[in-house]
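Okay, handing you the structure first.
All chains are identified by letter, namely A, B, C, D, E and F, in their written order; residue positions are counted from 1 within each chain.
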Amino acid sequence: MKYVIAIIQPHKLDAVMKELEDKEIHLKTVSNVLGCGRQKGRTEVYRGVKEAGNLIKKVKLEIGVNEKFLEQTIAAIVKGAKTGNIGDGKIFVMDLDEVVRIRTEERGGVAIG
Amino acid sequence: MKYVIAIIQPHKLDAVMKELEDKEIHLKTVSNVLGCGRQKGRTEVYRGVKEAGNLIKKVKLEIGVNEKFLEQTIAAIVKGAKTGNIGDGKIFVMDLDEVVRIRTEERGGVAIG
Amino acid sequence: MKYVIAIIQPHKLDAVMKELEDKEIHLKTVSNVLGCGRQKGRTEVYRGVKEAGNLIKKVKLEIGVNEKFLEQTIAAIVKGAKTGNIGDGKIFVMDLDEVVRIRTEERGGVAIG
Amino acid sequence: MKKILVVLSVLGLMLGAGMLFAEEAIAPATTPVCAVPAAVPVSPINTGDTAWILISTALVMMMTAPGLAMFYGGLVRRKNVLSTMVQSFFLLALISVQWVLFGYSLAFGPDIGHFIGSLKWMGLQGVGMAPNPDYAATIPHSLFMIYQMMFAAITPALITGAFAERIKFSTFVVFSLLWATLVYDPICHWVWGSGGWLRNMGALDFAGGTVVHISSGVTALIFALMIGKRKGYPDNPAPPHNMVFTLLGAALLWFGWFGFNAGSALGANELAVSAFIATNTAAATAALGWMCLDWFFNGSPTVLGGASGAVAGLVAITPAAGFVTPMGAIMIGIIVALVCYTAVVVIKEKFGYDDSLDAFGVHGVGGTVGALATGLFATKLVNAAGNNGLFYGNAHQLGIQAIGVLATIGYAVVVSFVLLKILDKTMGLRVNEEEELMGLDVTQHKETAYTLID
Amino acid sequence: MKKILVVLSVLGLMLGAGMLFAEEAIAPATTPVCAVPAAVPVSPINTGDTAWILISTALVMMMTAPGLAMFYGGLVRRKNVLSTMVQSFFLLALISVQWVLFGYSLAFGPDIGHFIGSLKWMGLQGVGMAPNPDYAATIPHSLFMIYQMMFAAITPALITGAFAERIKFSTFVVFSLLWATLVYDPICHWVWGSGGWLRNMGALDFAGGTVVHISSGVTALIFALMIGKRKGYPDNPAPPHNMVFTLLGAALLWFGWFGFNAGSALGANELAVSAFIATNTAAATAALGWMCLDWFFNGSPTVLGGASGAVAGLVAITPAAGFVTPMGAIMIGIIVALVCYTAVVVIKEKFGYDDSLDAFGVHGVGGTVGALATGLFATKLVNAAGNNGLFYGNAHQLGIQAIGVLATIGYAVVVSFVLLKILDKTMGLRVNEEEELMGLDVTQHKETAYTLID
Amino acid sequence: MKKILVVLSVLGLMLGAGMLFAEEAIAPATTPVCAVPAAVPVSPINTGDTAWILISTALVMMMTAPGLAMFYGGLVRRKNVLSTMVQSFFLLALISVQWVLFGYSLAFGPDIGHFIGSLKWMGLQGVGMAPNPDYAATIPHSLFMIYQMMFAAITPALITGAFAERIKFSTFVVFSLLWATLVYDPICHWVWGSGGWLRNMGALDFAGGTVVHISSGVTALIFALMIGKRKGYPDNPAPPHNMVFTLLGAALLWFGWFGFNAGSALGANELAVSAFIATNTAAATAALGWMCLDWFFNGSPTVLGGASGAVAGLVAITPAAGFVTPMGAIMIGIIVALVCYTAVVVIKEKFGYDDSLDAFGVHGVGGTVGALATGLFATKLVNAAGNNGLFYGNAHQLGIQAIGVLATIGYAVVVSFVLLKILDKTMGLRVNEEEELMGLDVTQHKETAYTLID
């Protein structure tokens, strides 16, 4: 099993969610994060004091998937999030040892979906 | 070492924390996330515009543990979070390569607790 | 490739960011978390009702790096975040299977930076 | 199903108004409502007094929403903030209509048996611009009417602190309408209505210690007992989700309370000034007092303590505002801080009821303190139309005040208990467990206060 | 480049003031501005009336900011809240200066062809402390001037709801200044200015149904159509980011509206009381009405529905406030809830324009309902200086009201359209796509409302 | 330990009141406090004036909390918002009691050597309802007293902007009480007290440019220098955590300032109207001015700039409000925007002191600008009881104004410095480093403003 972490533009969340639904990937966890990447934030000014503003709002998706769903998960995220501009984001994939569905205490591949 | 990520119902946080304390698992990191799972959110309506509300507030726990503590960590989370209803959440377990305690620069199993 | 997760004191974020920049580690993702560790929070009181306040505001950094950058990433975080006092935080390192840069669909080591 | 019933009944209320209107439109010459007299030789209406009561009315309206709404809203959890706030806002709307249609008539209309007003003034028939000297000789009768409306609106809103985070909205609507009609309107008549028995007996209640605070406060306690505790109370306490809102609300309440108390002089006169000073002084003293108690017992002066103290001081000075000196106000402030602190911090914990935002602890207890203290500190030096209290040589007044307090408590408790029993059996008081966990905002109103990702 | 032009033009505006000052300072004896008469035997100025209009002026100021600013600010997304709020705040500042320099003169100055005021009162020359009986006989003329200023400030602020989350700030500044001068000032003169053609014709607009709400509301529609939809609208709706702010704003608007409507009596008199009651009653009824409709059609009474209903009721009662009975106010409240609900929930969706915060749906539609309803429910029983409406036997009045509505709509639409066309070609109405995605706060003002890590 | 001392001293303050009360209760006949005269043939009290000063008093109260509390609260970090807000709220309470007990007597009581009032009016003895023509001939003396109380409360609250995010709460309490007594009360007496030397000399300070703004502003600077910079300043700037609160606060300050300045006419008269107009005009002009400067120098008009400009304009017009024409107000608005912008953006950076929320930069500098500008733009055309300034041919007035400014600065600086030195050695001014990092909310008050998980 794999654990996919994707950092995307906030306004692309709806599109990515839709793509994932289309590919039958229903379960995911979403959170707010701040990205520091190539894309530069706007400088802010408060009473003349400038702030670099190098942290930009991003959305993070976390999805546990079985191996065979991995590629289509990645494809769905890319399809939903890609604009070709700097700031589109990244996808990180890690090995997932074990999954437990708390409700049923099932484990492994069957618990993931 | 293992890195445990648990997604639970917000109102179960206190119970889970208590179970973990009871099992002597003191160190953890908590954050707010939004879950999209089997549990369906309530539709919201603003001036007649309906919103699916399919993101539901959840709490995420992250716990780095030594292997021998893994099962009791899982057990504690399950005990605290399980109601048997949809939405109870998931536990994900990943391999943890290395841990550093910043204060002492200790590494490995000794640094985790 | 490695995925580094660091939990640090919020007021150390600027210092850690600076150290990472100095070591040419530009890309990272930042978020708010609550830590439960050795450091004890202050008790709060609302109309006589006491609350343990055992969750303390922390900042989480996530950095995907190529192996050869790992040690200097850890060193930079430690340098920026260490005060020697309880609460300084932890660094967790995990194996990273794959990275995708959404903008270009590049994968692997080249996509990480 | 039941919700539809509620909707229909509210619509019905308004349609009743429509019919009243139709009636009136057909025969406008016979019942001139709000007619401006064509040419009055020397108007009894004083513009300065009118100006002050106009703005006082606006201030009391502002106390309910946003004042109380923010104060209470900040104290609950994120998922319940809208449901809590909208209760105050909704009551402002509901009681505004109720009052115009029949509430004012029940409370202040021609007396029936010293107990309640008749329905003669329904739809404000006969409530015109000429001053009614029974109530206020120098301002339009209609102005007195709408000024009193704002008191009728805030009183049930105070109760909402007791059942926050678990009430069914539809039940709340029905309860509030019935309570306003069956509890508030009669008690208001007793104390302030021309012919009311407590007024006749000489009970002093300048701006509503019994009428507003005790009536709502004891109802709050009954309600808290009957609806039961919030899930997780008291083991997992729910700290205020936004103390800034609470402090903002407390400050707005303080601000608006000048309209509440100094406005109750019903003119821009010496009495208003005296009530204004007493109000501010008691609020300030009780805020300091509560913070000192906090400092002493918990090691820190808390912000919520300051806000709670100020509100408690304002509550306690309400019945006394027009009868006591500034030094009397200081004494009342000190006393109420001590008593309410004990009620909220010690007694509630001991008995274990979940008066969630301390509607009883602050309004019920503080109102009682104030009503009795009026019997101690009142002096004719401040208000010749009032009376002396115990410390000015008239022990009798304290007895009268006690009767007023007991009558109010007794009546409010009994009627509220009966109402709640009936509603509990029919509509149910409480949302189900899942709704409580999800929060009332989304389950009762299909909204959330704050976006999470945007 | 263009920004610098704007800066320069605003600075120019203020320097113009400087020159006016210089002029005046040189020859102070000839043009006494705001001089207090040394010794008036019997002052025509009534202190009670003056007190009420002073505080009413402050209340109307408060409606624009924080009232409207909070109401609108809560409805947008996090990244646009400051840009939305500052538009109201900025207009308060901008129009305050415009009004003093020339706006008041255009609107209320000596009549030119029943269409507009002359520039004779530029820089408030001749606008002194002696009452101007054409406008208000018992308060200083200067007080009438600044009271009206607050109406001139809030009117363009209402429009900002239509173009929220995508407007260029510099274009907004230029548009607002031109619109206030070319649209608001003339319409204001028609209806309220001495000699204005609608006033002469007998159109009734107590506190600004046409002048304030229709003029801004229809402009809002034109603006929404010309600037286009927000990116993602309507597929990805953006729920209000902070409903607490919106409810706070709505309550403050309600509070301030007493100054707006009851203040329009220009004295602390029976008419003010009557308008106060009508205002509160209509707001309450419409709030209940909207929530009932919500309950019926969506299964829950919404908080935003309550707030929207209250505002719609306040809008609709604005032109009628000084002419109708409380029962008339209830009818108007019911009607406007039905009509605005339909406009906002049904019609907007059908036509698909993005009137983002429903400036047209509430103010344009509600103002029209109110102006016409005044022709139905007005009665001389309430205000002898007014007139009867259809239901009191004078069908003619309804016709006059319709003319007022149509003239206002026609004029505002045409001039706004021309203005917007020109600005679209020159400055551009809209930020670019990246700026819209990043949000207006950071791109137009270099600020963000809330810190994320601190 | 020390905390207990503080608690005890505050309790002592209130017990002092208790004794005063006891005294008074024993011999009520001899010292009638707040007695309403039984039957006055022709009352000198004007209801319209009284109404206006009642509401003005409420408005000034509202400026301190929630106004200033929200304005300052939004500017700090999340972890310090409550501690910042509660300082204003607490001062409102503390000074309310201090003023009643002895503050009013020191400031306005029978003159001692043109420097300070005597303690004859302690506990408000002799401060009754009859107007005191030295201060205000048409309103109750008691009303004047409580109106002035609100000025005494907001003044120390302004200082809190300088030491935000690092002050020890207990030290703040002691400092504020001493400062109000030793600095505010005397300066207030000099300028406004009957017999005060600056008043005698003819210094013009309509609503508190020297008394309120300069005194607090320069104290703020001394405090900022002595308490030292916040950890991390200026390298890691802490942007405002909630600009919505700040804008809300600024708008409430603007609203309340009408009570502050127009209320200072002490009646609902022409002077009040004139001051109202000057106040609004200066605020508007300075807000526009600051935004233009922002636009020019930083490429964007900022929201915080608009808010800061409005406040600066209000500060500067404060001493001048009753003496200048609207055009004079525009000039003052332009000047203060330029000067305060420079002080806050350029000078502070250059000198490197950490006046955290610009209490000195806005109030100290703006107050000085206003006091001097009064010497330029004042004209007897506006206020015959005032005087002409330089531009109206009386250069002498500018000299008097300068003396007032210098005396205020000198006295406030010296006494504050001594006070702070003593407190620094005894109680300590500053929390320790760990407390500063954790934030003052949790370490000084055991509360946090916002829940994180709920």
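The working rule: contacts are C-beta pairs under 8 Å (C-beta built on N, C-alpha and C of every residue); 3 or more make two chains touch, one makes a residue touch a chain.
Just so it is clear, the structure is predicted and the values come from calculations on it, not from any experiment.
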Intersection of contact partners for subunit C and subunit E: A, B, D, F
Subunit D to subunit F, fewest steps along touching chains: 1
A-E or E-F, whichever has more C-beta pairs in contact: E-F
Inter-chain centre distance, subunit C versus subunit D - centres from mean C-alpha coordinates, in Å: 51
Where subunit A and subunit B are represented by their mean Cα positions, the distance between them in whole Å: 18
Touching two or more other chains - residue numbers and ranges from subunit C: 30-32, 34, 44-46, 55, 94-95
Numbers and ranges of subunit F residues touching at least 2 other chains: 46-49, 51-52, 55, 79, 239-240, 242, 268, 298, 300, 302, 304, 446-448, 452-454
Category of the chain touch graph - line, ring, star, complete, other: complete
Parts of subunit C lying in touch with subunit B, wherever the complex brings them together: 2, 5-8, 31-38, 54-55, 58, 60, 74, 77-78, 81-95
Complex contacts: residues of subunit E adjacent to subunit A: 79, 231-232, 235-236, 437-438, 442-443, 446-448, 452-453
Subunit F residues touching subunit B - in the complex, by the definition given at the top: 452-454
Subunit F contact footprint on subunit B (complex, rising order): 10, 13, 30, 32, 59
In the complex, subunit B residues that touch subunit C: 3, 17, 26-31, 62, 64, 94-103, 105, 111-112
